[in-house]
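Each in structure tokens, the structures are laid out below.
Here chain A shows up in two complexes: once beside chain B, once beside chain C.
For the complex of A and B:
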């Protein structure tokens, strides 16, 4: 790399297809580095070309295997694909069983594919924000599709929901799994439900149960009815059907619908960012935790202390 | 229930051992109902008696089985035990395999045990805050031990870390699992590491690897060296060893150490609460999202918009 190239703004290098710029910018996003905000301003007008697909589901449902197969299908159409693995137990990030990991490696040497795992240390909602940022980077780089994989446990699926145009929830047949998915709120975030491992007993019954649950919830004229499709990602069967539903969801949204959806998700991103900024402002001050601790030691409840801090902030005072 | 009893403040009913008050207050905590704050003020001086134990680890490590066995051990010592299952895939909350669930049910009919699952819909850090609140409720009710189970994936383990005095990380032997645990940051939150399913091949090797990792990281005079213990929760073997390490950790902390640790975690709770309060203030206003959306539609980046909102808030203006 020449000195002149090094001096080039990173946003420009990204738009020119520099893979190092992708990696660097995602690291900045993960670290909440403010240089990211500046770079984003440089790429923001170029965003919106990539299709952003989220894949989530409980552990063991076969998310990574499905993502791997989807990447294969998309590559056959000669589309460039970025993969973001937010799930730390994903084989893409080095987790899960050795066999899976080796299978995934055939993707990592394909120059039309870029795989990146997201660190998941942060506890204040920063991961959801960083996931959106990473999608923006991959979009600006020029990937046709960005696949985001995250585990659907606790609140982790919101990382996918806040970043994706289309959310695919992957389940597999097993005792009580459809009930569990309903209870946990996973179905509510699904645009498409995939019953993976369709050769397992109970797959057809599960489809019927899920369809019923979805139809009760979402009946309404012109509304998207979440389809329930089956496949076997492990044997590479019917993965094209999943992709067909993804395309159909995109067509259903249309240009206007997609644009409205994205603005709504951007507003969610603003909300996350405001939360982080105010949190940084308050708790980034040296000794602030200590001051709060001494108020607590005086026997006041956390909510009394929190209420006063809020009031002070909203009066424009430094609490 | 007589009218007079109904009129009694809920905090009082809780302190008198009313189980309905436990359930009601935890629901308020989950919903972020402000009545909880008032009730907490009534019970706050009584808090601090219960031992708060967190159990976390990857899916399939056997967390619920271990929790179930720990409850059994504690019941043999005639201790009253509260269980909070934050993990939606926990058999305590109706997830996982039917066999597990039936085994757990023997606990649910024991009057010395109270099991509660936490809803996990919220995406703005509310679950960690609600978990702490629920521990406070169980503590005030008079449980000797409160066990919090959560899955160690993504950021979910922070729900345990922010609420517990002692954090037990459960792992089981398997390809790359110790490396995975190190990578994901799980080891860093552990006060005690349990290698469960100690009859599986690789268990001893895993113990050696983990001990090495822990000792490199934590060497230092007088500091707690995270012990690595093995057990087989499924066969009820060596669960008492886990409990012994939990007690040893409590002794190591001592009264002063525990008090300092709890104040530090209370400060974290204040931080979560302030974030929620300011978020509610901003986004609770009807039409606010819409206003933000129109700013975004004008082509400004989410961080430009977020920065201005932050600045307005800190100036004491309503953005």
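For the complex of A and C:
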């Protein structure tokens, strides 16, 4: 790469097909680097073409394997695919071991595929924001599909879902009955439920239970009834059925529905961004932390201090 | 401005034919415990696969584990493949069964910093951390 090329604005390089620009912009998005915001302004008009698919589910259900197979199916249709694979960060050290690539290793040198591993980091909304940003980068670059694979457990998966047009929840037999799935709230975010490892005993029973659970929740005319499909991602069987349901969900949404859904999700992104800015204003370097500490030392209760901070903020008083 | 939270991102790669990855996994875990984000490539990768993964993941560091004796050809190949992708600035380190004279030759050619058997794992993590700190500071606001 020549110096002149390097000097070009990164948004421009992205739109011209520079893969390193994809990688670097995602890094900036993850870091909360404001240079990303400038770049986004340059690519924002280009957004909206890529289909954004979220894949979530409990650990060991076969998310990475299914994603890998879905990528294979999409590549057969000659679609360009971006993959965001999120793995958990350690809450103690902040470090992370990102291993999802290993299950997608055959895809690394396929120029029609771009895989990026993301650590969940502190995930106080930060992950949700970074995931949406990373999707935007891949969308602008020109990928037809962006697949987001979430961490196995916890709040983070709901955050990630906020970036997707269609959410696929992957479950498998033998990891608790369908009541477990109902408890965890996973079914509420699902547009499509996949019972993976369908060769294991109990798969059919699980499908029946899940269908029942879905129908109890979602009666109503014209509403999307979450389909329950089975496959064996490990054997590469019936993965096309999953893809067919994804397409059907896209058709159900239609152009208007998709546009409304995306606007709703963008509004959520704005709320997150406002939250982060305000949080930084309140508790960043020039924030109210000092004042809180001294008021607490003076013997005030936490709620008295909180009320006072709120009043100070509303009066526009600088910390 | 919201504080930029920069993390050291590392790819641990196993190029070539050797199938021993105990060491690679140990180093990966240690670096994770030092707060880094570590991507493990899996076994039997070609230099181009490793470089491509490093580019997609935008890593700061690539660590190669080579116990097959092919280090004199694999290190330069990975460096070349990285350079072809405009990633020549990536910090390249390595470990494995590498004779002392080869270590000297590789390090002199600027290929890598090498850590042989018996190296204290914290030493590796600390070396990478301090090296990256210097780089992060000198880069400043550049891309």
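Observations
The rule is simple: the second predicted complex is superposed on the first by the 278 of 319 C-alpha atoms of A that agree within 3 Å, B and C clash if a C-alpha of one lies under 4 Å from a C-alpha of the other, contacts with A are read in each partner's own complex, and residues count from 1 in each chain.
Quick note on the criterion: a contact is a pair of C-beta atoms (placed from the backbone, for glycine too) under 8 Å apart; a residue touches a chain by one contact, two chains touch by 3 or more.
It should be emphasised that the depicted structure is a prediction, and the values quoted were computed from it without experimental measurement.
Of the two partner chains, neither chain B nor chain C is touched by A:193.
After overlaying the two complexes on the shared chain, residue contacts for A:271 are found with chain B alone; chain C is out of touch.
Contact with chain B, but none with chain C, is seen for A:309 once the two complexes are overlaid on the shared chain.
Judged by the touch definition given at the top, the superposed model places A:116 against chain C, while chain B stays out of reach. Residues 89, 93-95, 97-98, 121, 277 of chain A lie in contact with chain B in one complex and with chain C in the other. By the touch rule above, chain C contacts chain A in their complex via residues 1-7, 9, 28-29, 31-42, 45-46, 48-49, 52-53, 55-58, 85-87, 141, 143. Across the complex, chain A meets chain C through its residues 1, 6, 10, 19-20, 22-24, 26-27, 30-35, 89-90, 93-99, 101-102, 105, 108-109, 114-117, 119, 121, 276-277, 280, 284-285. Every residue of chain B that touches chain A in the complex is listed here, in rising order: 37, 40-41, 44-45, 58-60, 86-89, 93-98, 101, 120-125, 127-128, 150-151, 153-156, 158-159, 162, 174-176, 179-180, 183-185, 263-264, 266-267, 269-271, 273-275, 277-279, 281-283, 289, 292-293, 296-297, 299, 301-307, 309-310, 313-317.
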